[in-house]
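Which chain is which? They are A, B, C and D, in the order written, and residues in each are numbered from 1.
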Amino acid sequence: MTVRTPDPNPGWLDETELTAARARLPMIYVEAIPVRLDDYGRVVEVGLLYRADTSGNFRYSFVSGRVLYMQSIRDTLMTHLEKDLGTLAMPQLPITLQPFTVAEYFPYASSSGLTDDRQHAVALCYVVPVRGDTQPRQDALDVAWMSPEQALSPEITNEFEGGRGKLVTQALAWANWGF
Amino acid sequence: MTVRTPDPNPGWLDETELTAARARLPMIYVEAIPVRLDDYGRVVEVGLLYRADTSGNFRYSFVSGRVLYMQSIRDTLMTHLEKDLGTLAMPQLPITLQPFTVAEYFPYASSSGLTDDRQHAVALCYVVPVRGDTQPRQDALDVAWMSPEQALSPEITNEFEGGRGKLVTQALAWANWGF
Amino acid sequence: MTVRTPDPNPGWLDETELTAARARLPMIYVEAIPVRLDDYGRVVEVGLLYRADTSGNFRYSFVSGRVLYMQSIRDTLMTHLEKDLGTLAMPQLPITLQPFTVAEYFPYASSSGLTDDRQHAVALCYVVPVRGDTQPRQDALDVAWMSPEQALSPEITNEFEGGRGKLVTQALAWANWGF
Amino acid sequence: MTVRTPDPNPGWLDETELTAARARLPMIYVEAIPVRLDDYGRVVEVGLLYRADTSGNFRYSFVSGRVLYMQSIRDTLMTHLEKDLGTLAMPQLPITLQPFTVAEYFPYASSSGLTDDRQHAVALCYVVPVRGDTQPRQDALDVAWMSPEQALSPEITNEFEGGRGKLVTQALAWANWGF
């Protein structure tokens, strides 16, 4: 959802079938914004995935994954946190499934300001504290840790695809930030 | 989702295609629990849909509907509130899309305690205040208004299908009830 | 809390006693951000209280009031909504007491970025839809209705006292806004 | 707030002054329900403080403490978690200050069902994951770890003072439990 690589998890559908389904059904996703907390629960750093596009510009994204058939939200979160942050990240999954927001992506005519060329998607968005080390994946996505102020700056929020930068504001507002 | 009638909104899929998709993709739903509030925002009454099954037992359910392709969560909520409560109900849709809970239904091997024979479904659950009059639909579902205490009683919560009774507890706990 | 008029609700304390208590105990407040919603629950307008200071600059604030001894949060909200918006405003108080945020004000050395010269205060912050007409109070506070975009602009958020502008961001982020 | 020992934190007030203030101002508290989570964020165990009263009956309570003048909510939470669970508990404080509920205690004529003989108190209630070992304090309060089902049983919820048992239901409903 966040990057234009082939979907690594087609579930029980092959690529052709998944493409067909995407043209007629909304897909369910989870999105996670990794953070580092101090001992008092305050957000000290925000972890954003990024990679340079062909023009050398940075494109930021979140940990994100489609909920597969018969897979729970918590399993989906864990699978994609491990895939994008490595197995030593030690993420702390949320106690409640109540997300800080629900993001609606549309391929066109978006009423939410969020777009996804490939599909109509509904994403449950969570902030996930990470205690361990994060490791770059092989396939180009890296993790950038930055202060909340940096993460909220237009230089960063404008470099997300599909308007996702506004989810940074929403996540940090939920964590008591705001300007 | 709540009753065994044919899905009235197959979206851009015909019944056969929808059945096929349901066997391989999770479906997204919204569920709404209608309530009447006093002037101070306290829940005075809870509205539950019901109908008698062939044995004469009452089966309760919520306002519920599948999110169709290119339809927003708010549109889906409004469509199904009007369909189930009538056009004079005057529902007040939530300010935030953050649901009070997210319910996960599985056709078998449910890890959440919630089941739906037909499909794997993820439902965003909202409490929706209603100010106007509710009217029975033609096709058998009626609305029962009752006190929060009644709605929380085992006589009611046990008469929901698929374990949905626990969502009444979660909704009312969110509204500051608890025993 | 938002303006420097004498506290209109000293409760069972006279002014001298209240001043003494304020030097040694945190005070509990409620703050409400009035909004107008469309039929789908989306925020269309934000209502901010304002008045011109002696230099002719506008100072914005929220509906705000101290929780008095033996008064409930809901009663306090209603009292201050009626006082600041008039008796025809028809506010819809929240179903849940869970606030969208908790604001901590300190008279000095603030760790939250929020300050209040007079006291250490903890405020429970709510967004409150208003359906009726709002009317200026006699004592100078008026209500300005504006779009969410305007309310989030630095021209407005910088004209709040004590850093309260950031609560506008937090309230609107909770209502799914963000830049 | 939870037990009848002298308040260990009179802040800048001596006992006499604090007693006088309690007769005329609401006090602000934080309450924390410690939990143990599995790797997927699900509540596995609930930690309740208890002690036997003079008749040998168990009385349960939460981690609880008054917010002192100039002390933040996060500091107050940490202070009382350490005091009641020991310094090796490794609590994970919440990312957001938004509590799962706000509890209102009144000394008489309670409109919330919650009572506190000593005072009118407003408590911000949080669920706090604990990763380390909890240790009994010297002064009689011990920690009982039990399953969510046990914590929700009437045998436990009825043994809280002042109606606090209903907060267990609210906390676990927020964490997706419900019957």
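As a convention for this text, a residue touches a chain if its C-beta (ideal position, glycine included) is under 8 Å from a C-beta of that chain, and two chains touch if they have at least 3 such contacts.
Per UniProt, the chains are A, B, C, D = ADP-ribose pyrophosphatase.
It should be emphasised that the depicted structure is a prediction, and the values quoted were computed from it without experimental measurement.
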* **Partner chains shared by chain C and chain D (touch criterion as defined above)** => A, B
* **Pair sharing more residue contacts (C-beta pairs) when A-D is set against A-B** => A-B
* Structure fact -> Separation of the C-alpha centres, chain A versus chain C, in whole Å, is 33
* Asked: So what's the Cα centroid distance for chain A and chain D, whole Å?
  -> 34
* In whole angstrom, how far does the Cα centroid of chain A sit from the Cα centroid of chain B? -> 28
* Specify, in ascending order, the residues of chain D that touch 2 or more different other chains. => 96-98, 100-101, 112, 174, 176
* Structure fact -> Counting only contacts in the complex, chain C reaches chain A at residues 101, 112, 157, 165-170, 173-174, 176-179
* **For the chain A and chain D complex, residues of the former touching the latter** => 35, 37, 39-43, 74-75, 77-78, 92-98, 100, 127, 129, 174-176
* **Complex contact set, residues of chain C against chain D** => 11-13, 17, 21, 23-28, 67-73, 96-102, 104, 106, 109, 111-112, 120, 122, 124
